[in-house]
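Both of the next two complexes hold chain A, though its partner changes from chain B to chain C.
For the complex of A and B:
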């Protein structure tokens, strides 16, 4: 089975070594083989994608100008609207008319205009929060590295879809880590850009002031290729920022000379810690140092306070959206969704405003840290995942995932694979930069991946499928 | 002083949400933790006179 990065696939297309139709057929073959086991898709747009692939092949053959993603199979998390089919948020509750009235979200339209082949809608946790509920009529996403384990969430289908080559890239969303956690657990790369960098109109909200849409793909370079298409102001999103967009691919120099990197191992952040994490982090430091960077130990300011601010903000904003349906359709929600969002009744209006004041204090403290370093690295999570059978609510897992802090302050954060634990589950490192300095973040991730190959490892479930 | 479960009962009634019996234990756990998190916000050094990260624009999104 073909299993290319986006960058490699584009090169093969330009050099006439493959066609968009072949790439799509290969992706479809993976999905045909594995979807029922892994829970990748909620709906597929095979006919429309094949037509788009044929048009892409015509453009390549004619030598006409090609968009930056021409002929690349891409999946869309099913809280983001597309013209081809309904948006469900993997929920019985969401009014299907919502997405029909929108058509393509801004990000979907941008991928399509760049030549991307929209293959379908990928699984999520209900409304981008919580954990699976097997009592509801939706797939339970499984991790391709060990199908007893969860993919992480909430961009679960983008995680296991990219990890298996069912799509070469896709869209996730991230309110407290929902791009970065499934990317970490599934052994791929993903970036939450600076808040406001990518327009989020046309996406079902979770936390209005925390939500981000971003790319998930096998490599940092692939993320840069996709972010070049996705980033930029659109007036339809009140949170979108009207600032110039860098060329993220052009910034991938492979050279980290002079780059100052702060390392926080976050050893006290969670009670449970995979014993393989620290050796993996040591190897990351060695690789980055070898690329010219200087790595020093730092301590992230206000860790627990900013993580709490993210939680209170996210829950409160979600409750405002869901209150009418929670009042009238409680049992239609997934158990973890209703239990998790329902805890927002703990917070007063004053608590919500106080959380926004803490975010301001935190932004200043983090900016102070970034006066001494260019980037910060941490483990993405203290654990490599949990078995599906052991999941109860996200609330009990929240502290193990070191991502929500950065939603509170808005900085760009990329995650890339950094090895495996004792039972073969991927480990991940998070690389964070100053606001709107996605170039530095992606450059570091790409440089690291030029001297490592963790991101190119193939999950055993795919190997087994290929052999079969 | 009211216990957490008494506070939760009032909060749920005020919000108009009526959870299923099977969910109450989980919600109480999250609610109790939530009260602790909220209290923590008021102890952050420097926050007393800080402006919140709330920005209102008089311009309607998407309108010229």
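For the complex of A and C:
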């Protein structure tokens, strides 16, 4: 099987070089081969997806108008509702009747209407937070670049599913980095758009004022193709913002001339730092400069304060949602969920409000920074990942991930791979723009990927499989 | 990493903010919370946990308290919170 991006697959479908059925069969073959080892799926919708593939092939053959994702196998993180089956949030606690009456979430319906083949529900961390709990009856997601390592979370199955080609793209959610961290650790691309840009009704909440749904795929271009379908106001989400939606694919010019980019290496943000990160960042700067951009050093304002505001807000909002079940079903939750969400008992109401005031000040401070630059880049994380065996102490490590800051202020943030560390784990750079300027963010990511090929690298677990 | 300092102007507005100062708690300072405090907090939250879990939560809470106290120490003047009540019915 050729390992295709969404853009490649769409071109092949349009040129009659493959069929949706063949694409889906190839994706199924990867999942059949690797799912038991990697923990990609919680449930598969093979029969429904094959029927949708057959319909896609009929549309292509008849020359009827094709949706922008017609025939593309796509997975859904299992905190987002689909009509085919129940939503579990990978938890023993969530009432299995939760999705009844919802059917497809808005985002699922939009992917389906665009012709996407919904292949199934992908693994997550419980309720989109924490780390795996091997004592619970759910898969432990493993990183396809080294199966001793975690995928990152919480959109774990979307991360390793895309990285292996078990799906060509998928949905993740991001409250403090849950799209960007697994995308980074698994060597793929993913974007958290501006808060409110993508409707999140039909998704199990974690932090109401921080949650985002967004695309994860191999390339920035693939993310743009998916975001074109996903973005736009829907009244069912109280947080959705009614702003005009750009054509994100049309914005991929490959030209960064005149673009001013601020670089914050975040060298002091965390005690642990992979020694390969700075050389990789240097190469990113060189590539962006070669594309016409100007890169200057900047300091992100209120880094510690906004990162803390995200943590307090996320934990407090999650506790409000989970308190009754934590009181009655404490042991049914994953250990990390208990330890993480449970800390909210130490935050007062005043702490929560103060965090929201810090977010307001932070928005203004970040807006001031963006008066001097068009984009900001940082490493996505200080590390390339952790072994699964070491995750029991995860609570102390979230500061290594440089993503939650942007949830506090709402700006769009794309991550793309920028190389590998000395043991072959992917490294990632984060590209952030002004609110609702996803075009600039995706243009920069796509331009970078036109002159690099990190996003096309194939994980070794695929090389060892017959499907590669 | 953010600069340090006691004053900051954003979009023409002056904020007297300590910008991401180094952690101010002195080395070796005692933890801010103890088992009894956490037990009281859990009681307020109507959570009944065994001693093992109380200890786990205590450790995590103490790890995170410097960040909480950093936010509590900020003088944000008249800054309103970044949330707004929507009076529409739907």
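Rule of thumb we're sticking to: the second predicted complex is superposed on the first by the 464 of 468 C-alpha atoms of A that agree within 3 Å, B and C clash if a C-alpha of one lies under 4 Å from a C-alpha of the other, contacts with A are read in each partner's own complex, and residues count from 1 in each chain.
Please note the rule applied: a residue touches a chain if its C-beta (ideal position, glycine included) is under 8 Å from a C-beta of that chain, and two chains touch if they have at least 3 such contacts.
All figures in this text were calculated on a predicted structure; none of them were measured in a lab.
Q: A:392 in the overlay: touching chain B, chain C, both, or neither? Say first, second, both or neither.
A: first
Q: Quick one: is A:347 in contact with chain B, with chain C, with both, or with neither? Answer first, second, both or neither.
A: In the superposition, A:347 contacts both chain B and chain C.
Q: After lining up the shared chain so the two structures overlap, which partner does A:255 touch, if you call chain B first and chain C second: first, second, both or neither?
A: After superposing on A, A:255 lies clear of both chain B and chain C.
Q: Quick check for you: in the superposed arrangement, does A:237 touch first (chain B), second (chain C), both or neither?
A: In the superposed model, A:237 contacts chain B only, not chain C.
Q: Once the shared chain is lined up, is A:266 touching chain B (first), chain C (second), both, or neither of them?
A: After superposition on chain A, A:266 lies in contact with chain C alone.
Q: Based on the superposed arrangement, let me know which partner A:368 touches: chain B (first), chain C (second), both, or neither?
A: Once the two structures are laid over each other on A, A:368 reaches chain C alone.
Q: Looking at the overlay, what does A:326 touch: chain B (first), chain C (second), both, or neither?
A: Both partners, chain B and chain C.
Q: Mind working out whether A:301 is in touch with chain B, chain C, both or neither, as first, second, both or neither?
A: It touches chain C, and chain B stays clear.
Q: Applying the document's definition of touch, where does A:282 land relative to chain B and chain C: first, second, both, or neither?
A: Neither partner.
Q: Mind sorting out which residues of chain A both chain B and chain C touch, each in its own complex?
A: Chain A residues touching both partners: 209, 235, 238, 302, 304-305, 308-309, 311-312, 319, 323, 326-327, 330, 338-340, 342-343, 345-347, 351, 353-361, 363-364, 395.
Q: Taking the touch rule as given, give the residues of chain A at its contact with chain C in the complex, in rising order.
A: 209, 235, 238, 264, 266-269, 299-305, 307-309, 311-312, 319, 323, 326-327, 330, 338-340, 342-343, 345-347, 350-351, 353-361, 363-365, 367-368, 371, 395-396
Q: Mind pulling up the chain B residues that touch chain A in the complex?
A: Listed in rising order, the residues are 8, 11-12, 14-20, 23, 26-27, 29-35, 37-38, 40-42, 44-47, 50-54, 57, 61-63.
Q: Per the contact definition, I'd like the list of chain A residues that touch chain B in the complex.
A: The contact residues of chain A facing chain B are 201, 209, 235-238, 302, 304-305, 308-309, 311-312, 315, 319, 323, 326-327, 330-331, 335, 338-340, 342-348, 351, 353-361, 363-364, 392-393, 395.
Q: Quick one: in the complex, what on chain C touches chain A?
A: 1-3, 8-11, 13, 15, 17, 19-20, 33, 38, 41-42, 44-49, 53, 56-57, 60-61, 63-65, 67-68, 70-72, 74, 76, 79-83, 86, 90
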